[in-house]
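After this come two complexes, each holding chain A, first together with chain B and then together with chain C.
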Partner chain A sequence: MSALFTSPLRIFWLALLACGMLAPLFLPTYYVSVATQILIFAVLAMSVDVLAGFAGRTPLCHGAIFGTSTYVVLYCAAHAGLPLPLAMLLGVLAATVLAAVFGLLAVRTSGVYFLLLTLALGLIVWGVCLRWTQVTGGENGLRGQLRAQVGLSSRELYAAVLFVVAIVTFAMWRFVRSPFGLTLRGVKDGESRMSSLGYNVPLHLIIAFTASGYFAGIAGALYAVFNDFVSPSTVQLSQSVSGLLMAIVGGIGTLFGAFVGAFLIIALEQAVSMFTERWLMVLGLTFIGIMIFAPEGVLGKARLIMAARKLQK
Partner chain B sequence: MSKIITDRRSFLKSTTAAAALVGMPAIVRAQGASRPIKIGLLAPLTGVIAAGGKELVEGFEMYWEQVGKKVGDRAVEIVIEDDASNPDTSLQKARRLVEQGNVDFLFGNILANTGLAVANYVKGTGTPYFIPVIAADDLTQRTRIPNVIRVAGYTASQTARPLADWAYKQGYRKVATISQDYTFGHEQCGGFAQMFTELGGKITQQFWHPLNTADFSPYLGQLANLGVDAVFAMETGADATRFIQQYASFGLKGRIPLMGAMNATDQSVIRTMSNEAEGIVSCAHFAEGSKEPATVKFVADYEKRYQKLPSIYGFSHYSGAMWVAEALKTIKGNVEDRPLFLKTVLATELKDSPLGKTVKLDAYGNPIYDVSIRKVEKRADGKLWNVPITSYPQVSQFWKYDPETYMKQPPYSRDFQGIKS
Partner chain C sequence: MLAFQIMNGLTFAALLFVVASGFTLIFGLLRIVNLAHGALYLFGGYIGFTISKLTGSFLIGGIGAMLCVAIMGLLLDQGLLRFVRGFELRQVMLTLGVAFVLNDLALVMWGGDTFTVATPEWLQGAVVIGSLFYPKFRIFVLVVGILVFISLWLLINKTRLGALIRAGVDDLEMVEACGIDIRRVFLVTFMLGSALAGLGGMLGGTFLALYPSADAEILVFSLAVVIIGGRGSLVGAAIGSLLIGLLNTFGQVWFPQLAYFVIFGPMAVLLAFRPLGLFGKAA
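Moving on to the complex of A and B:
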């Protein structure tokens, strides 16, 4: 296990992290906002990866959990007049509770059934956000001026997000490497074996689901402050799919691959849409390419290559 | 299309240069006079309303081409961004246009949620933002943002009121409404229902159906048996097409008169239809079948340029561009002075628009129009168009209410339709 974290890789990551931290000092504010977005979505992708890559359950409802937190934060801070930190806390709490409920409903299934069940649960959230107009603003969504309320410039916001994301990333890393995380991996590799060893598999999965929802909720709360706006498009299926896609592109089961995935997808989206209206097509082709040539994701592939080199030595 | 791409390439080049200069905005500003005026146009070129987005760009470009892409001696540069019919993408693109593209002002959007998202963003940056299509009532009412102006646009409930008045005068006393279940629909139906019931009419029932309803039979079956004098339908896009078609195939056409919100019989809808849409009455500030010489000329020009009759999207962005250009002429292209620019736009009276009549904005940044009651008729060549049958002069977004009093009532929603019993 620790062989995967040999020093060159670690140095690579530290260097990348340093670059990420320094980026806003040199870039115009627009790029700062893109960088902020990448960090936030990386957390969403990591939360998906906790389930998909470590527990072997691929969820399609994390966009909804993420967006629930965004909705709650915006509602509490901009409409109910609560202070922002409290609103964010409530947002994360709402996401965690929602994830716990979803977990209770979903963990008994696996494979395609798990995928479909979580998809349906996510659609319920979307439906509620769309139809409960008095609270969610329906199609028009909710707006606020959260960033202005706390008086953060976009650079300061980036720094704050970076700080939170660093802590959350560390927490998730500890989580998947803890004995609990190893049990999850055991569940992924052989569910019946783990239960015959006496592990309470459903309980482990519920806890993993809830924890992953908690992390997605943190990302959602950050997104509320970053975007100052939320509408049903934040909780819709495509949000869940893009979170999953980022995790897959970066490398399922690599955790940090989420950063690579989020960066690639958001940066590509930005760059390609500048040149052509058919940017969605270019993105699609890129994903197909990645799936053909690096099905284990960018970071997964990089690790495989490194490991192969080491074997040759 | 290739032209847009070239624009984007040069946009990229110029923004790279601009990016190099971000540390020195003062210098960029000082070069003002020679620098082109940069307009950021947000249009849904992909997603659910892509067809409308394309017409929006067409109308906007047609105006700027006609005037040689300049205001006075200052060139005008248009940067087009695709908002993907999605509020989050829209917000992201608005950020890019303002923070990276350094545009002088923003224009466009079609869907209310995309417009509201961008409006919320420019509230913080102060960038002028013009919305000829976004009809969300409160943007020029209860939650007005000073730098958001609805040039050549309209509020959702504005034109539904004269239609209700007209309906009452036709002797209709019982009307049912059917509408897509979202704010734009709630507001148009609200305007109609409030006006109609205040006059003494009765709204028998209101149907709200989800966006993208494929089968209207459950609603049509009920509508047929309500015993109403007329039906008011608030539909857009493909829903409008399907509703009108099914209304006819259920045999309701000709039996119960059908009135539509302006978007239900917009060119973008009726262009592809035939007999089933004939005879529907709607109400709008623009009617492509008008005999007004200015309208006739605009429609002919547009048809020549794009081989189709102009829709509300094309018309609004053509006129909106004209409106802002007039204001810019007045201040000699000094777009850098934002307060002056916004004040001048608000004060500008648009004389040469395709409407053929002078239009001005009210104190809240929404136009006051002479509104036409229009009927869908067949032109000599068989194409459907909206022909005005009567008109209501000087209709403001507040109708005849006092703005202050009016804004004390809650915004229209599914639960509040202003119905007087």
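Moving on to the complex of A and C:
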């Protein structure tokens, strides 16, 4: 913790952040729900960043892991009649197990192969959700009244989500800063070096993958309560892509940048959907634009531009 | 009944091979995983559908689809991918963005309805093989698949262009050092691969159907084929297509709702032993 509070400036920023996080509580309901969504997706983006930024493996299946948790929570709570906390627990568990299986399969590959494989695995989840109509409801999806069951207003829900997200964020921060997280960074920077030093690289990657799936599962469980509805579009590729895009926009390897990324992408989505239904096209164009002009993310790009300006002076 | 299912599996495998061979060619030589390949397939189908409806000719529709999609490939390579050359992950993600844009564009242009390309008269009806009645068009797809395999095999193994492609797959810098303009070979390969996606779309649009999420479905299958077969391997793509085509068909018969899950099995087993696929070589 000490690293976080070293300078007065840091404390100022943290205070400002806390105010910013609490501000939506005093805004109209629409903004409250957008803010809740931003928090949930920031967790998804951070879970992607744990793998992409710290273990050097860019995954394209986190939307599917996230959505699996959402499906399980809604199915258990609304169709199997389990109490919500148990349903959420099961959802997170399902996501973690799924991530462990994916991890087992994927860790031997790296780079583009890893991306391809995780993409295919995620698409298989989508295909199953689409076709296994008895359980998943097919195209119609699953609907529940989870929020009504627990009796939370949208402001209370935001506060609850904020609380959970704060804890999860802290956990992820500890995770990537832990000796284990440092080993992961070592794997990212020099895999063969780490394995010749005696580290069990595949095991580290499987654990990292499972942990990142666990975090994505928490986001998915929160999303189930927030949205009260899940359909194949929750597990489809565009979900994984948005999660990755948020992580990239915020800056891969920054962890907290995910909040900025989630804010920018969801704000863009909300703004675009006021004018047109072509959100997917805008998402695609944004992705292309980011890949060509700012692969280091918006913050990273801004930092580079500032640095260049300073040099000129 | 069994023979019927086997034929279904084989014809689906032929379609998969047409699509996946283009995918693996581009992946093998250019090191570009073109995730817009599924979208190109969908466009091929839609364009073929429109042209053949306007002209009343299946053949013109098919040629038109291949040409248009090849040009789309050209634009994709020259217009966008040139900005991110040399960055593997950025290339892949860029094509992913393109896939979204194209998918949405198709939705704007053709709407969300399901289309099927009209089967030409000379391919309607069934053929009798022994005691089996089998649709002529599916046999035609099988024949096209085999023809594509043979011509690609000849192209790669017997022509100068093929030699350049093989050399490029193995050692790109060396080919360039020999004074070959590899960029042109790249471009031709990219257009050829795209044209194959277009042809696949036309065939798939006739005996399956065209709808907004068909691109993602064919993409999963193509990915599975390439993951099994290995990067850039034609024989690998053929074996992968056969495996996935048959498994998917029998999966649909045995567990109709979990057919997707069935292709997961061989992929998982294979990856445990050969992470780069059956015929894959380390880059």
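Rule of thumb we're sticking to: the second predicted complex is superposed on the first by the 261 of 313 C-alpha atoms of A that agree within 3 Å, B and C clash if a C-alpha of one lies under 4 Å from a C-alpha of the other, contacts with A are read in each partner's own complex, and residues count from 1 in each chain.
By definition in this document, contacts are C-beta pairs under 8 Å (C-beta built on N, C-alpha and C of every residue); 3 or more make two chains touch, one makes a residue touch a chain.
Everything quoted here is computed from the prediction, not taken from an experiment.
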item	value
Partner chain in contact with A:Thr133 - chain B first, chain C second, else both or neither	both
Touched partner set for A:Cys19, first chain B, second chain C, both or neither	neither
Per-residue touch tally on chain A - higher for chain B or for chain C	C
First (chain B), second (chain C), both or neither touched by A:Leu280	both
First, second, both or neither for A:Ala308, with chain B first and chain C second	neither
Partner chain(s) touched by A:Val112 [first = chain B, second = chain C, both, neither]	second
Contacts of A:Leu123 with chain B and chain C, given as first, second, both or neither	second
First, second, both or neither for A:Ala148, with chain B first and chain C second	first
Footprint overlap on chain A, comparing chain B with chain C	131, 133-134, 280
Touch list for chain B against partner chain A, complex	1, 4-5, 8-9, 11-12, 19, 22, 45-46, 81-82, 86-88, 91-92, 95-96, 98-100, 112-113, 116-117, 120-121, 123-124, 136, 181-183, 211, 413-415
Partner chain B, residues of chain A touching it in the complex	28-31, 33, 37, 131, 133-134, 138-141, 143-145, 147-148, 227-229, 231, 233-234, 270, 273-277, 279-280
Complex interface listing, chain A residues touching chain C	58, 60, 105-106, 108-109, 111-113, 115-117, 119-121, 123-124, 126-128, 131-134, 236-238, 241, 244, 278, 280-281, 283-288, 291-292, 295
In the complex, chain C residues that touch chain A	31, 33, 35, 80, 83-84, 87-90, 92-94, 96-105, 108, 216-217, 219-220, 223-224, 226-227, 256-261, 263-264, 267-268, 271-272, 275-276
